[in-house]
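Two complexes follow with chain A in common, the first pairing it with chain B and the second with chain C.
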Partner chain A sequence: MSAHRALHPGAWIAWATGTAACAFVTTDPVYLLVLWAVSWFVYAACRVPEPTARSFRIFLVAGVVTLLVRTALVFLGTVTVSNTVAAALEGLRLATILVIFGTFNAVTDPFGVVRLAPRRFHEPALAAALALSIAPRTVTSVQRVREAQRLRGIRVSPLRSLPALAVPVLENGMEDALTLAESMDARGHGRGRRTRYRPQGWTPAAVVTAAAPALAAAAFFWAAFGDWAELHPPTSPLGWPDADGWLVAAALLPALPGLLPRGER
Partner chain B sequence: MPRLRTLLVGLALAAPTFTSVLAAPVPACAGETGPRGALVVDTGPRVLRLCVALDAASVSGIHLIELAGRQHGLQHSFGFGGQAVCSLAGVGVDGGDCFGEYPEYWGYWRGDGRGGWTWASSGAGSATVGDGDVDGWVWGTGDSGATHGRPPRTRIDTVCATPEPDPEPSSEPSPTNGGANGSNGGGPAEPSPADRPADGKERKDPDRPESSPSEAPGDADLRAASGGSLAASSSGPPPALYLALVAAGALVVGGRIRLRRRGS
Partner chain C sequence: MSGQALCYEGVSFTYPDAGVPALCDVDVQIPEGAFALVVGATGAGKSTLLRAANGLVPHFTGGSFAGRVIAGGRDTLVHPPRRLADVVAFVPQDPAASFVLDRVEDELAYGMENLGVDPAHMRRRVEEMLDLLDIAMLRDRSVRRISGGERQRVAIAAALATGARILVLDEPTSQLDPQGAEHVMAALQRLVHDHGVTVLLAEHRLERVAGWVDLALGLDRGAVRAGEPADVIRSLDSGPPVARLGRLLGWDPVPLTVRDARARIGSANGRHGSPSQTTVTPGLPTVAVGGMEARYGDGAPVLRDVDLTIGEGEIVVVMGRNGAGKSTLLRMIAGVHEPSAGTVTVRGRPPRPGIDVALCPQEPESVLFTDRVDHEVAATLKARGRPLTGTAHLLERIGIEALAERHPRDLSAGQRMLVATAAIAATDAPVLLLDEPTRGLDPASKDRLTRFLRERAADGSVALIATHDVELAAGVATRVVMLAGGEVVADGHPADVLGDSQVFAPQMTRVLGPGWLTPEQVAEAFA
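Now for the complex of A and B:
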């Protein structure tokens, strides 16, 4: 459906790595906020059809939960405004990385990534792909089991039915993984010659997708190690976060793949 | 239509770049009158930035404070044989045990020459301050640079902006009773009421009582550099924050439109 599908999966790996690297070196909410917006925009512009795209929402929720848990941990020790804010900012950084990862999951087919791996690394790559796709697969699985329960007239109260839900979902997950591995084996993945159906090349769009976040990450690392901009807002005492125009512009770069005109990919 | 939107979002992306070019700092002329160093004293509620004329090519960090006491009336007292700082500007420990109020103590920072700070690796008695160097002292807790409070970003040219060695009034604490000779009996060097607004608004901190909210938000150092005499900075969010908000808003709205167009 979307031409984005044809984008080389490696380009999206590079996109996610570069964008996450930007988030990794800063706790400044200004840049992190921009990265959230960028992730959302790219997700909106480039997502593949359901159910993979659902994983964005899952990672969004996971990110918010992470942020809350990281902040709540402060309340185990001495609570001051300073260390609460510091913890919240660290949580925000983690949440940002999760959201970026959610976008990555939503815009690319995780199994397309497996195809990139050299033959001898096929098995670890398969394991990685399974791990990557655990969120969307679990969601589909939960939906299926819920529906089955409802059809059988089992009253679905979220808490009580949890054990009844968990077992089939886990079972489903295992089965899915086995089926996938077997089917890939049967198709000759991992041994011998591999044929490629519609090989994906490094189109200009793929190069832009990979290069823009790399440029942004370079700017952020330069700022982090060259120390020409404050990447960590003062929390003790509390102060306004610094915002550098260049770094804001750099954080916006990963949005470029979402701006590429459709159909020319 | 899609092209127009692409263009608009593209403009939103490019906007911060242009404005940051516009907001580039105007280089301030350094003084031509002998070596000078800057001393930043952060007591928590207020920040003093003093331009200090050095009486040698390089002096120790301790002597810099003594010079600031002579030139600006900065109240100070030392302990541990004159090698440690007990109190500055009326804040700190009375007496010779500079760690008498531990975990609060005067943390020593060295300017890195670009406005940032590094935690001093040696004592102020053995640290050398040359022309253009910046020293910072912060009252607070934390045993290392990672945990101790850090002074606001300061460059030498924002503190020593005017050529005459006479300090500009805006950065002078103008003591009423500060002991210029380093005794701690003089009491706190409170600024006179006229000077108050200029002090203490360096840190972008809404909690600081003396920060003036009427000041337009802006990058303090840059404005101070172009303004010449104004060494203090205002509190408030940096201008790029608004650009970030606008750009993020454009992306969110653009994403919404795209999602709706796809019919989901």
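Now for the complex of A and C:
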């Protein structure tokens, strides 16, 4: 399998931003579930081979946890059906944004995005890429250490022998980060004058990938500010969501990159 | 212009919080176009010496540094590593951890992008590097999905692409199979001979490098002695098996390559008898693998139709190319991975990890978690409910009693490996699995490990070792299993399996023919 390089990474940044923007302005479960499904579809169609793509699952789990935690928070105060539903929808919105983010992580290499950053944003972009790569690497590291300790006769559980898991995971993480930092420095990172190797062009496929979610986001913002469709279902009193056909169609737009011919996406 | 590529001038260095210096008063010049080897015991300071070449020591480590290092005319104290990127290229011990980008081609260009190389020139240079290291077919692959040998060559290409004339490599063949190691060494030699690049590398497996280099730096507790490879290796009392043979038979000079040894032995040929073979009669079957198939997810099987019965007292060495399925076989026998077909049993029932079988992983860092070496062993004993009194004795048997109070993270890669091995062996599981246990180990530590495994085998324990180290296999194995493409292609006495192979033959076989495995065996026949 070849490493993914067909699409300009900027197209994926635009895709993630546009799709997440749609989710950001609504709590209607119909739109959110459509966006969730679209995100999953794009992930399935466009993901790069393992192991980067594994991070999708992490974001998916994080999304579900967020949803549950946000809902559970209600139980700290007065519990009514309305505010439980409101909290759950709030949680669903956050979870959808996380899943969109997970797809972004799975379809493009975060370090590829760093190369794209303008020189003055290079350092923050790098920090962001490093931060993004921490979650999947930690998960792999946890699995590896847990297995290694088990084969040494030490069973690790949250209640027992936690240092046997946590210490190697944290120290390996630190050592890896340091090795990477050393390697980057030794290879001249941060000398200032940077050129770019084989900059990627904006192919029609990249334009579609970037433009489709932007169009969707425009429709959602227009609805939000123009008030021609309801984006937040009534929770007090409780009512059924009243999804607008046009907006459902708009929410489907970000699925387009998944339909592009294989060679181009 | 011919001059010095690298000068160490009165360099002394002590790591922060360390009692003893890692380098003491090092004065060495490495001329342009040299192919230089750093040799020395595990933990002698080899990595420190290499990392001082481009200023990673002391810029990234801190500590107290005296003297100076001049690389390509620049003082490393004044110029941090990034300011030396165009003169010194550095390939660390584990290249996988040093990759920044995902795609091979992009990784090659990364250093040049940082140096601001003109795009057209960069494009040409990437192509040259792809050809020079013979990796053009990898250009679109992800660096995370290529084999160890390929990674090593990509790392070298990426390092050299910057146009640096000094290449520094820390154990470049330690993760490679014999053929992969040969490729890397041949590529390095071409760089030295045809392109005038200066190469400085550290390596323990001298049998893989001794014949290629023209300068050696012998390191002993931080002090360096430079000279002809033969002289330095002789003075350090180490060396490849042919050197050991030379020493046993009192040859002068001590041979460094199979060719030297052959020339020397030519006159004596015929005086020796045929090799004596020690065959171990295995005791009761301990490990039984029947018709086993292994796969990850729904991919193609990694192992197919493996049948293996291992009896008490056997030391089985599993060999094969990078990616042949050696580690997978170990994990199956360890019971952490279910076979997709067939059976794996230990003493007649499914293996219980950590009880019937214990496995020391390739990365010892995955198990080390205490702040002292002896505590590490004690942690295993405690988890297994065994008395802690055995700690000191076990450390002594593996030869690391002197490190008992050190912090495992402060040790060298080889020393960490020994600590992890001790911590795993402390389970006292009847089946001990070791994955590539000699990475970073000097010959003396390797001998001790061999003795330790033999003692355990004499008590009826089983050991199964996956390794690329043919000399370890020749020295310790009672049986060798060769894997290729996920299948067992050979299984038998090491003399038969290794003697039969072009690639996996140990040095004694290459000198005297099939059946000869260790220098000791040859010396005995000649005495």
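To be clear about the criterion, the second predicted complex is superposed on the first by the 239 of 265 C-alpha atoms of A that agree within 3 Å, B and C clash if a C-alpha of one lies under 4 Å from a C-alpha of the other, contacts with A are read in each partner's own complex, and residues count from 1 in each chain.
In this section, contacts are C-beta pairs under 8 Å (C-beta built on N, C-alpha and C of every residue); 3 or more make two chains touch, one makes a residue touch a chain.
Bear in mind the structure is a predicted one, so any value in this text is a computation, not a measurement.
Look at A:252: by the touch rule set out above, it reaches chain B but stays clear of chain C.
In the superposed pair of complexes, A:183 makes contact with chain C only, with no contact to chain B.
With both structures placed on the common chain, the touch criterion links A:36 to chain B but leaves chain C unconnected. More residues of chain A are in touch with C than with the other of chain B and chain C.
By the touch criterion defined above, A:230 reaches chain B but does not reach chain C. When the two complexes are overlaid on their common chain A, residue A:151 makes contact with chain C while staying clear of chain B. In the overlay built on the shared chain, the residue A:241 is in contact with chain B alone; chain C does not reach it. Within the complex formed with chain C, the chain A residues making contact are 1-5, 48-52, 109, 111-112, 115, 144-145, 147-155, 161, 163-164, 166-168, 171-172, 175-176, 178-199.
Those residues of chain B whose C-beta lies close enough to touch chain A in the complex are 2-3, 6, 9-10, 13-14, 16-17, 19-21, 23, 44, 112, 114, 116, 140, 142, 147, 149-150, 152-153, 203-208, 235-241, 243-245, 247-249, 251-252, 254-256, 258-259. Taken together, the chain C residues at the contact with chain A in this complex read 54, 56, 59-60, 80-86, 88-90, 92, 94, 97-106, 109-119, 122-123, 126, 140-145, 158-159, 162, 334, 336, 353-355, 357-359, 361, 363, 365-370, 379-380, 383-384, 409, 423-424, 427, 429, 433. Interface of chain A with chain B (complex): residues 30-31, 33-34, 36-38, 40-41, 43-45, 227-228, 230, 234, 236-249, 251-253, 255, 258-259, 261-262.
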